[in-house]
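Input: structures, listed below.
Each of the two complexes below includes subunit A, the first together with subunit B, the second together with subunit C.
Moving on, here comes the complex of A and B:
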């Protein structure tokens, strides 16, 4: 736990003024939440200063009025660092992370498809997993989409 | 010659390398691949959405069915996430049993892969031998759990079945037999010139690219990075297991092969150590049906690499959000990079080189991408059909 706490302290020094919430529920797990505008700066400092280069995946969650994006970074044998922020549903534009972390390319495409998040500057937000005939504007992981309705769309397409 | 002279060659969706659907469009200039576009989703079943409408205990069985090879890796990852949310820890014996099953699963998965790799380079004799010997482990898993693939060993708070003294003895003798076979395969992969000619220097994934594109598992370790969740972020009983993280510097298909073959020998030793040091005691802790609000990130080293699950609970008996990222998806960007510049004839072995598992990768959001697949049964229809 000491090592995890050290990482927390280091993060506080690095991105202190941008932190909305920081918590460490257990050894080797840190959740860091920031404002949307400071996310890129925070990740830049984390990547450059702490040399965290492995992005495990990005989780998108529909919170009702907002969508939360959580970027799960793995930091060697020290910790799994989750950095996240919220965006309002009426403005789902986010700068892509592929220029800083090229491995984000498919995770951003997946989020674009299932939640409708628009990653500005992404090299190609083409469909990845849903069928070609999938109706535009239907984002299956949004809470308003019920499983039964999606099943109907799927069997039609 | 420039791009104007290139032609597009579709690979798949019918088994581009493995017997699973996946589509790649290769842009080729003569015999050389200059660009590749993957299209996944052909085995898409909408599992993340399905997690949200089922209870935590039902979801154990859903997680089991994400994959037909690494089913135990998915349930381990799932139950760990839920246990963390509940604040419950599995008893020590359960953790050892989870570790043993996980390594047996790695053994049968890697030996399946050895067979496929041999097949892709036209070495079908080795393919037959590898798959014949894989049955040793499959049979053992069936004796332990009652099932060859979906072992259903994990449950929230522990495991569902014990390893009796007879099963321990059987497992040990199976490991002895399997060790002889694995050493034989390793020797073939190291020395057989026909394999070396098809694998050495083929499908180069530079260390820098592997790191930048966030590759995982044997694909990453074959490019010289010693990165393994079992060692870096120990779960189950791995913090008590002595083992080496295998890596090779060659960055080619041969090194990915050697990494897997040597990992099989490590797995055998982990199983032996765990059997010898298994503590006695309870198999599972009692857990409530409702899970307090919170969030957890769970990681497991599946046979193909880092598997990560994220769970968010809202205090009810069903998760608010459940996210799965399987190792194959993580390796696709690195795979595409590797394929550029290769010869058409090397495509199958390079594709197979990451040990792709498409049903793991495609499970994410929705029912099925196949247009003619409209006979999806509801739970009620399934129940009625039994009568």
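Moving on, here comes the complex of A and C:
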């Protein structure tokens, strides 16, 4: 517990003014929520100063009016630090993280494909997991997508 | 007769995952390696479908992998056999009716043996392969060059 607490204190010191919420519900698990504009600065501190460089995955969730992005960093004795922020659905532009964390390249491609998040500055936002014939602009993990419509698209392609 | 005898002695495998979770693949690898050792039946994993007789498929067949599966299947020389390993390969299992999943190998190809399980034990896979060999011995293979 001590170690996790230490990291929480250090995070508060390093990125204190950017934090919307920080909590550690149990040992080896930290959640950090920031604003979209300060996210990049926060990750810079985490990667460069705290040397937490392993991004295990990025998860995206459709919350209705917003899309929430959660970046899961893993380090040390299986501690997971999740840094997250929300973006409104009418402006889905986010700066890419690939220049700071090269491992983000595939996760960002996937999110672009299934949720329509546009990562500015990404070296190639090509389709990754959907079939080649999949139409542009149809995002299967959006809440407004009907299952029947997706099936129709899939059977056509 | 001689041909089917010869073929039953060296059923070479090509393994293809069509979007499975890797569970069946681990069991298949266990069946191939020394602990269960299917090589005593002459079954060997090949690196290229062009050298194989049996296409061992795991996974529910996603829309993206469909064309690749067909391409690999076409490269296997005749007479070829297909074995569907695991619940996904048989019916699509939890992914059945998913918008990007075909649901089972037999929606696309003729399947000669089904090995159920999630994942099937190596013993079950060996049983399925032994039944395939029996089919081969009897000359019960589909394709033009029997």
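Definition applied: the second predicted complex is superposed on the first by the 156 of 157 C-alpha atoms of A that agree within 3 Å, B and C clash if a C-alpha of one lies under 4 Å from a C-alpha of the other, contacts with A are read in each partner's own complex, and residues count from 1 in each chain.
Here is the rule we go by: a residue touches a chain if its C-beta (ideal position, glycine included) is under 8 Å from a C-beta of that chain, and two chains touch if they have at least 3 such contacts.
All of these numbers come straight from a predicted model, not from anything done at the bench.
Taken together in the superposed arrangement on subunit A, subunit B and subunit C clash. In the superposed model, A:121 lies in contact with neither subunit B nor subunit C. Contact with subunit B, but none with subunit C, is seen for A:28 once the two complexes are overlaid on the shared chain.
With both structures placed on the common chain, the touch criterion links A:82 to subunit B but leaves subunit C unconnected. Comparing subunit C and subunit B on the residues of subunit A they touch gives the larger count to B. Once chain A of one complex is fitted onto chain A of the other, the partner contacts of A:56 are limited to subunit B, with no touch recorded for subunit C. Of the two partner chains placed around the shared chain by superposition, subunit B is the only one that A:74 touches, whereas subunit C remains out of contact. Once the two complexes are overlaid on the shared chain, A:151 sits against subunit B and subunit C alike. Clashing C-alpha atoms with subunit C after superposition occur in a single stretch of subunit B, namely 63-71 (options considered: 63-71, 243-251 or 279-287). Taken together, the two structures place residues 129-131, 140, 147, 150-151, 154, 157 of subunit A in contact with subunit B in one case and with subunit C in the other. Those residues of subunit B lying in contact with subunit A across their complex are 39-41, 44, 46, 48-50, 53, 84, 211-215, 227, 231-233, 294-297, 299, 306, 308, 310, 312, 320-321, 323, 325, 329-330, 332-333, 362, 364-369, 371, 374, 376. Residues 25-26, 28-29, 31, 53-57, 59, 61-62, 70, 72, 74, 76-77, 80, 82, 101-107, 110, 113-114, 127-131, 133, 140-141, 145, 147, 150-151, 154-155, 157 of subunit A are the ones that touch subunit B when the two sit in their complex. Contacts from subunit A toward subunit C in the complex involve residues 129-132, 140, 147, 150-151, 153-154, 157. By the touch criterion stated above, subunit C contacts subunit A in their complex at residues 62-64, 66, 97, 99-100.
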